[in-house]
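In the two complexes below, chain A is the common chain; its partner is chain B in one and chain C in the other.
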Partner chain A sequence: MTKSVLRRVIAIVLCVAAVVLIVLGAVNMPKRESEDGLQILKTLRTRTLLNATGEGVVESYVAVAKKEAQAAAKAAGGGMSAIREAIAKAEEETRAKYSSNATDYSAIDTTNLEAAMDEYMVALKASADCEAAAKQAYIDAHYDEAYEAAKADREAKIAAGQDVPEEMKVTVDMSGFVATEEMTSLEAKAKEAYGLVGEALKGIYPVMDDNALNTLEGTIADIVYQAGDNYTLQYDRYIKAGSGDALENKTGGFLVRYADDLFYVAGALIVAALTLLFYEVLVAKLGIPRVIIGLFFILLCFMSLLYDLSLSTLLSNSVVRMGMNSIMVLAMVPGIQCGISLNLGLPIGLVAGLIGGLLTIELEIGGWLGFVFAILVGCLIAAVCGWLYAQLLNRLKGEEMSVTTYVGFSIVSLMCIAWLVLPFNSLKLRWPLGTGLRNTIGLDNSNFRHILDDLWSFKIGDFVVPTGLLLFMLLCCFVVWLFSRSKTGVAMQAVGNNPRFAEATGINVNKMRIIGTVLSTVLGAVGILVYSQSYGFMQLYTAPRQMGFIAASAILIGGASTSRCKISHVLIGTFLFQGVLTLGMPVANVLVPGSTISETLRILISNGIILYALTKSGGGSRG
Partner chain B sequence: MDKKDIRSLLRNNAVTVMFVVLCTLCMIFSGQSVSYVIYELFGRLSRNSFIVLALIIPIVAGMGINFAITIGAMAAQISVLWVIEWGVGGIGGFLLAMGMTLPIAALFGFLIGKLLNKMKGQEMIGGLILGYFASGLYQLLFLFIFGNLIPLNTPGLVVKGSTGVANTIDLNSGAGGGIKYALDGIWRTDFGTTLYVLCGIVAMALIVGLLLKKVEKKKAIIGVGTAAVLCGLYQIPAVADLFSMVKVPMITFIVVGILCLFNVGVMKTRLGQQFRAVGQNRTVANASGIHVDKVRLIAIVISTVLAGWGQLIFVQNMGSFQTYGAHEQVGLYAGAAILVGGASIRKATNGQAILGCILFHLLFIVAPPAAKNLFGDAAIGEYFRVFISYGVIAMALVMHAWRGVQARKEKKEQQEAAAK
Partner chain C sequence: MSAEFVLEMKNITKQYGENTVLSDVSLSVRPGEIHALLGENGAGKSTLMNVLFGMPVIHTTGGFQGQVLLDGQEVHVSSPHDAMTKGIGMVHQEFMLLPGFTVTENIKLNREITHRNFFSRLMGKNLETLNMNKMSSDARKALDSVGMSIDEYTRVEGMPVGYMQFVEIAREIDKTGVKLLVFDEPTAVLTESEATQLIKVMKAIAESGIAIIFITHRLDEVAAAADSITILRDGKLAATRNAKETTIVELAELMIGRKGEAMVHTDPREVPHDEVALRVRDLHVDMAGEEVNGVSFDVYKGEILGIGGLAGQGKLGIPNGIMSLYESSGDVELFGEKLKLNNAGDALRAGIAMVSEDRKGVGLLLDQSIEDNIVFNAMQIKGEYLYKFGPMTLKNSKAIRAQAEKMIKELDIRCFGPTQHSGTLSGGNQQKVCIARALVMGPRFLFVSEPTRGIDIGAKKLVLETLVKLNREQGMTIVMVSSELQELRSISDRIAIVSEGKLVDILSPDASDADFGLAMSGIKPSEHHEKGDGAQ
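Coming up: the complex of A and B.
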C-alpha cells in the first residue's frame, strides 16, 4: 500500500467515481429490456422514420402542386412560358412551405404507426433469418464442389506456370440458389406488414401515395431492422440519422445506451486506483516497463469493450499468436542461461527451420509426416550451424550482443542470395517467371498449414482454443524446464551465472556454452516452423531479420534480464507482447482509421524494452 | 620494406585489400565504362562522404561506430520538411535547414549521449536499437502530428485520403523553388579545373610551409612532385577522357574538406585529447580528472549534428527522399564504409573514411551489373551489397572482440609468468 497521501486520495476519488458509474450502469442496464428503455428506442425509431419519409412527402407535395399549377395555367390559357413559370413558382412555394418549417412531430399521433412498425420488424427479422439460414444451407451443401473446382483451377494455373495468389479462395456460386417456399411466404408476410406501415403513414401524410411508398420501402426496412441488431446498434443508427432531438429527456436514453460502457469505465478506474495504491510494490516486483505494458494491455482490453469490438475474438487471436511466437521466445532461454545473453543471432536457427519447411514442400511430403520431417531437417541444420556459431561466440566472450546481431543480419542477407539461387523446382516455391523463390510461400492443406492450430481445437463462444498449438508450446516449455533441471542444465546455468566460479568447480565452460547456443538455435528452427504453420505462410528473404529482436523483447517484457530468465517469463512476456499488438491494431483503427499505428507500436515496444534491458545491464557510471 | 612488413600490412588491412580485389573483379565483370563509373563515383562521394566523416569522433572517444547517426538524419529530415513548407528555396533554404538541424540534432544527440552513458561497452548495439526506436517515434511524428495536428499547406507534402506526410518528399516542391542542388549547384566545374586548383593549393601550402620551416624539405618536394605528376598525367588525352563526364560540385567538396580539417583540428585541442584519453581507457581518464560522461556526451552531440548536416547534403543532391525510409540505412552504410577503409571500431582517420567511402560505393555501383552479367539477375548484386555491408561490420566486430580477448589472454599469461 502506498504511503503517499496524494496517491491515496486520488485512488479513493477514483473508487468513488467507479462506484457511481457502477450504480448508474446497474440502474440503466436492465432498462434495455424494460418498457421505459424500449420506449426510448421506439421514439427514436418513429422520429427517424418520420424524418426519412417526410422528405419523400415533400416531393409528393411538390408533385401535386406542380400538377395543379399546370392545370390552372392551362385553364387560364397562358403560353408555354407562362405555364413553365407557374410550375416553377408553385414548386418553389411548396418547397419553402414544407421544408423550411420543420414539421411539428409532437402533434402527430403515432400510435398506429408504432404498432405497425413493431409488426413489420418482427416480420422482417423472421424473413431475414430464414433467408440467411437457407443461403448458408445452400453454401454448406455446395462447398465441397466449389472447393474442388477452385483447387483444380489453382493446380491447372500452377502447372501452366501462371501466377497464383498465396491463399486459395473458395467462392460458392450462388446463381443456382432458389428461394425456398418458407422464405417466399415470410417475405410476403413482411410485405403485408409493410402495407400496414404504409397505411399508418398515409394517415399521417395525406399526400403519401403508393408510388412514394414503393420507393421508400428499402429505406424504411433499413431503419426498422438490420441484421444483428441490438440496443446499441439501433440507438446509434437513429442518433446518426439525426433523430436525437426526439428525446426530450436526452440523458435517459444516453445512459441506457452506454450502460455497459459505464461498467467498463468503472472497471478501468478501479484498475487505475489499485495501481496507484500498490504502485511501489508493483514497480519493485515487476519493474516500470512491465507495469506500463501490463497497464497498457488492460487499457486496450477496456477500450476494445468500449468500442464494441469482440474482446473474446481478440483474446483468442492473442492466444493463437502467443502460441505461434512462443517457441522462438523460448529459444532465448538456453542462450541467456548459458551466458551468451540475448541470442540476437536467432535468424540462423530460423533460416535452418525455413530450409526444412521448403524441403517438405519440394519433396511433397504432406501432413504430419511433412511437419515432423521439416522439424527434423531444420533441427539438424540448426544444430550444425549452431555449433559453428557457438565456436565463434566462445572466442568472443563478453561481446556477444553486438556480434550476434550483425552475424544474424549477415546470415539473413547471405540467405537472400541463397533463396535466389538454390535449386528448388516446385512451382509452389519458385516464381513462375523470373528467378528465385517467392517472397512468401503460402502453405495449404496438403502441407502443414494450421496442423497444430486445428488439432483438437474447440470453440467457447467466439473464443477458439488452439489446443494442439498450446499443448505443443507447453510440451516444449516442459522439455526446456526439464533440461534446466538436469545435471547438464544446472552446470550450464552455473556457467551463465558465474563463468569463473563454474570453471573453478571443474565445469567445461566452452562446452556448456556450445550446448546452450546449439539448443537455442535448434529451438529457433522449431519456432519458425510452428510460426509458419499457424501463420499459413513461410516468409523468406528479409523477413527473419527482425524476428530475433521480437523474440528478445518478448522475453524481456516477461520479466527476464539479459542474464537471468525463467520459463514463466516466456509465457507471460509472449502473451503480453502479442496481446498488446493484437488488441492494438483494431483499437488503433477505430481511433485513426487506416493507419499503421500498430506497426509503430510494435517498433516502439520491442526496441524500447531492449533498450531498457541494455541500460540495466550496461557498465557502471564511472570507468 | 621487407617481407614481414608487407605481410603485417596485409593482415591489418585485410578488409580493405579484400575490397580492392572485390571491386576490381566486379569492375571487370560489370562491363561498365570506366568514365561512367568515375562519374557515378563522384556523385556518390559528394553526397555520402560527409556523413561517413561524422563517425570519426565517437570512434576516437571509444564509443565505437555511432549507429545512432540515423537520428541525426531524422533531425535533418524534419528540418527539410519545414523549410519546404515555409517555401524557402535555394542556398538560403539550405542554410536555414542547416540552422534548424543544429539545435534539433544537438538535443537528440544530448539524449542519445545520456542513454549511451548508461550502457557503456554496449554502445553499438544500443545505438542500433535506439535508431530503430527513434524510427518509431519519427513515424508517430510524421504520421499523426505533422499534417494532422500541425497542418501542412504545401501541395505534395500531404496526400489527400491518407494520414500524415506523403511517402516521398520532393525537394523541388515548395514556393521558393526547393533546395535541390542548393549546395551542389552553386559552383560546378569540370575535373581538370578542380585538379589544377587542388594541386595549386597543395603546392602553395607546401612551399609556404617550407619557407616558414614548418614542413620538412623531403616531404615538400614529394608533395609538390606528386601534384605536378598528377597535373601532367591529366594532360594525356586517354586519362582526361576518363574524367570527361565528371562535373565536380566544388562547394560540397570544400565543405567535406572543411570537415576533414575540423576532425584533424579538434583532435589537437584539449577536448580532442580528452576524447582520445577516454577512448583509450575510461578508468585512467576518470582517475586523471576527466569528466568521462561529459566528454562522451559531447562526442555524440557533435557526431549527431554532423550526421544531420551530412543527411542534408545527401538529400539536396538526391532531390527527393523517402519520408519513412531515407534515414534507416544511413548508419549501416556509413558504418560499413568507414570499416572498409581500414578503420576499426577503436581507430579511424579522415583518410580511412574517404578511402572506405570510395571503395564501398564503387562496389555499390559495379556489383549489380556484375551480378547481372554473371548470374543473369541484378537482384543478386543488390542482396550481395547488403550482405557485404552487414558482413563487414560483423567481421570488424569479430576482429575487434578477438583482439580484445587475445590481449587479455596475453596479459594474463604475462601476469602468471611474472608471478612465477
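Coming up: the complex of A and C.
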C-alpha cells in the first residue's frame, strides 16, 4: 500500500470516527436541558447528599450508642477500664452496623428530599448572585485605591531590589464590606429552604437532630449549589464525591457530561484527517516546520477547550502579544532582504528605543506626544547606531551570523554599564538609593502605557480586540511592504539575493546593505516602544538580549529563510510563535500542575526554532 | 616489464547518465615515451585521466566500460591512492604543495623516512623521528634530475611559480616504482624559458624509462616534445599519430574537425567597416582563470563578432572586463565615446548590455520572479517601470507585467507565468530571461557570453536565431563569446581567437579547421604558413 493511499484510508477512518463522535455529542448535548439529563444529575445529587449526611447520621447513632453503653456499664458497676471498653465496643458495633453498605438507598423514598433540594438550590443561587453583585460593586468602588496601594507596594519592592512577578496583582481589601439588606433577606430565605431539606432528611434518618443539621449545613449547601455552577461542574463534583455507583441503572450520564468534549475531539479528528488528506499540498505550500507548529497550535486550542480554559481569552492574549512583538519581528525583514541575514544585533535598535522611552519619562512628556517623541528620538539614535553597525557588517561580509550575534550581546553588556552611569534624574527611573536606572520601569497612564492597546479597542465576549495596536502593526507592515516595492527596495533585495548580480548592474552593494541595516535597527527601536507600551514596563539591563533571538525565530516559523522573507511571514510567524507560547503555558500548567514546565516549554520552543533555522540557513532557501 | 606498452586503455566508454562523454577510446603508451594527449575542452581528456586514476567521480556514476592494462596486466584502479601504489603519478595543473613546508618536506610528504625512537616504541609509528639527512639527500637527487639548483631546505612559500611546478615533478619522480607520469597542462603557468626547461626535463625523465602522458593544447610544444600523439574529439578517438609523421597543421585540423551541421544558416555578407562600434585598446582584465593581457580590436557597427578560444585562455575576460565585472584597465571607446572602466553602471548606461556566461552567479536573481528579473536593469539603470507615490518611487506592476508577457511570447520562454521564480526554470529558459533583460534595456551594443552553455539543442537554436534576428532587423552590434567554434562560425561575420590572454588572430568564419586549430594553440595561422612555406 502506498503512503498516499494509507494516508487517505487513515483520514477516512478519522472522519468516520469524528462523525460518530459528533452524532453522539449531538444526541447527548440537548439532554442536559431535558428531563432525562436533569434526572441523572438529580440522582447523583441525592446520592451525594445521602452519603454525606449518612456519615453525620452514623455519628449520631454512635453518640447515642456510646451514651447508652456508658450508662449500662456504670449501672453494672464496672471500673474505669470496663466502662472504656464497653464504650469502644459499642462504637465499633454501631459503626459496623450503619456504615456498611447495608444501607439500601433505592429503598429510601427521596421525593420529598428532591423537591426540597430544588427549592433550596434556587434560594441559594439567588442569595449567592446577590452577594456576588454586591461584592463586585464594592470592588469597583474601591479598585483605584487598591491599585495605588499595590503599585506603591510593588515599587517599594523593586526599589528594595526584590523580584516582582510580571503581572501586578491588585487585591481589594474586603474587610469594609457590609452585607446589604437584600442579601440578608435572601440569606434568610435560603435558611428557610434549608429547613425544608432538614425536614426531608429527618424523614429519612430518624436520628438526625437539629444539632447535626446545623453542622451539615455548609456541606449540604456546597453539594447543592456552588458559584458558577453548570452541568459539567455539578457532575464532576458528584462523581468526585464517589456517587458514581448511583448511575448503575441510568445509562449515558458519562456521555451527557462529556458531550461538548465529544465535539472538540471530533473537531480535532477532522483537522487531523484534513491534514492527512492535504498533507502534500500543505507541506509544499507551507513547509514541514510550519505545518508542525500550526498543528501544534491547533492542538493547544483543542486542549484548552477540553480542559475548560477560556479559549477566547487566551486567543485574545495571543493577539495582543502578536501585536506587541510584531514590529520587532518586522525589523528582521529589511535585514534579510539586504543580505545581512537575521539581524541578531537587533538589541542596538531596542536600546535606542529604550533611551527614547526613558527620555519621555525624564522630561515628563505624557500621552501621545510622549509616545511620538520616544519614537522619534529612538529612531534617530537607532539610525546613527545602525549606520555604524552597518559599516562593521560591510567590512566583515560573509560572517554576518556571528557578527550580528556578537554585536547583539556586546551592546547589551555595554548598556548594562551605561544604564548605571547615564545621568537620568527622574525618581521614576532611578534607584531611590545609589546611582543608576532601575531594572524594570513601570509605565503608567501619565506616560504611554497601553496607549496603542486601548485605542479604539472593543470587546467581543471575552475577546478583546486591541484595535490601535493592530492598526499600528499593519501600518508598519504596509510601509515596509511599500519600501520593498520601491526602486531602492528592489535594488536592496537584489543585493541580498545575489550581490554579484547587483554589482553587475552597477548597484552600490555596501550602500544598500547600510540602508537595510539602518532600517532594521530603526524598526527595532519602534518595536521595543510598541512592546513596552503594551507590556506596561520598560525593561533595561539584560532584558533585550533574548529579544533578537525571539524575533528571529518568529520570522523563521513564519516561513522566512535567512535569505528570503515576506511580510506574510512576519504576521504568520509572530502569531504562531506567540500563540503557541500563550496557549502552551496554561495548558502545560493544567497537564503538569505546579511545575515550571511552561517556562521550559517556552525556552525549548524559542531556542529549538533558532537551532532549526540555523541548520537550514546554508541552503534550501526555497521552501 | 617486458610488455610492449606500459599502459594500455582499451575501448573505454564512459557515460554520465544519458550523456556519453567517452566512447570507445583507446590509448597506448610505450615505456619511456612522451605521449601527448590533445583535444579541445570537453573532448574527454580529463574524463580519460579520471578513469586512469580511479577517481571517485567515476565510481559513483556507474563506472566505465573497457579495460585498463598496466605492463600487459589488467588492473582495476580503485582510487587515486591505488593508482599511486601501482606506479602512476600525476603532476597537477594547480600545485598541491604546502606553502609553509620546505621543498624536502613537500617532496617527502606522507612518505617520510623515519627511524624508531623511545616514544615511537611506546606510542606507535606516528611518533618516529624524521631522518632529515636521508630525506634531503633523496630530495636533492630528485631536484637534480629535474635540473633544479634550488636549495632543498627552501620553503615553498614565496617561490616563483615555475619552481613550484618543478618541485611537484620532483616529488613524483622521487616516488619509487613510478612507471607513468601524467602532466596536466604543465606549461600553462610557466614562462617561455621555464616551459623550454620543463620540456627538457620531461625528455630526461622519459629517457630514464618513465613514460609520460602530456596533456596540453599548445601544438608547438607537442611537436617539440612528443613521441606519439593521441587526439580526442567529442569523446571519440580522432586519431593516433607518430610525431615524426605528422604536422602541426594536421594536428590542428584533427583537433577541431567539423562537428555536424551548423544549426543556424546565415547568408555570407559583407559588413561595411566604416563605423567602429567598439574600439578596444590594450585591455587587461584581472579575472581569475580568464586573464586578459593586452587585447586590442575593433568591432564594426552592425556586425556579429565571434570571440573563440579554449577555456581559461581569457576569452570570457573580455566582455566581463569591459562590463566592469572584474578589475580591468585599458582604453575602450563605444561609438567614439570613451567608456569608463570599473564602473558597472556606466557601461550599462552607455548602452551596452551583456548576457553573462555565469547565469546562476551573475545573470539571474534566482529567488525572484521572471518579470522582476526581466525589468531589473531597465528599472535600476534607466528608471523605467516606476511611478511616484508620495515621496516613494514604486515599481509599476502593470507595465512590468505587460513587458514580461511580451518578452515571454517573443522569446518563447516556457514557464507557468511571469511570476514564476527564475530559479525553477530550465537552463535554456533562464538564458532567454537573461536575453530578455538585456533587450529590455534597448542596448546599442550587446555582449553575449557563452549563450548556449548548458542548454538543450532546441533552445540553442532559438537563442542563436534570436541573436541573428536582432542583428539583421534592428542592426544591433553583437559580440558573441563562445567555446563552440561551430556556433561562432554559423552566425559570426568575423571570429577573433584568443589564447593565453592575447588576441591571436581574427579569422573569417570560412577559414579552415587547421587555421582555427593553430590559432587556438596560440600560433597565428598566416605566420605559420609563411614559416612552413619558407621551410619547404
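As a working rule, the second predicted complex is superposed on the first by the 551 of 623 C-alpha atoms of A that agree within 3 Å, B and C clash if a C-alpha of one lies under 4 Å from a C-alpha of the other, contacts with A are read in each partner's own complex, and residues count from 1 in each chain.
Everything that follows uses one rule, which is that a contact is a pair of C-beta atoms (placed from the backbone, for glycine too) under 8 Å apart; a residue touches a chain by one contact, two chains touch by 3 or more.
The structure presented is a predicted model; accordingly, all values stated were derived computationally and were not measured.
More residues of chain A are touched by B (comparison of chain B with chain C). Residue contacts after overlaying the shared chain place A:K459 against neither chain B nor chain C. With both structures placed on the common chain, the touch criterion links A:K3 to neither chain B nor chain C. After overlaying the two complexes on the shared chain, residue contacts for A:A494 are found with chain C alone; chain B is out of touch.
Once chain A of one complex is fitted onto chain A of the other, the partner contacts of A:K169 are absent, as it touches neither chain B nor chain C. For the contact definition in use here, the residues of chain A common to its chain B contact set and its chain C contact set are 621-622. Within the complex formed with chain C, the residues of chain A that make contact are 482-483, 485-488, 490-491, 493-494, 497-498, 500-501, 503-507, 563-564, 621-622.
Put simply, chain C touches chain A in their complex at residues 323, 325, 343-349, 354, 356, 361-368, 372, 376-377, 379-381, 383, 386, 389, 392-395, 421, 423-424. On the chain B side of its complex with chain A, the touching residues are 115, 117-122, 124-126, 128-130, 132-133, 135-137, 139-140, 143-144, 162-163, 282-283, 286, 292-293, 375-377, 379-380, 383-384, 386-387, 389-391, 393-394, 397-398, 400-402, 404-405.
On the chain A side of its complex with chain B, the touching residues are 344, 392, 395-399, 401-403, 405-407, 409-410, 412-414, 416-417, 420-421, 435-436, 549, 592, 594-597, 599-601, 603-604, 607-608, 610-611, 614-615, 617-623.
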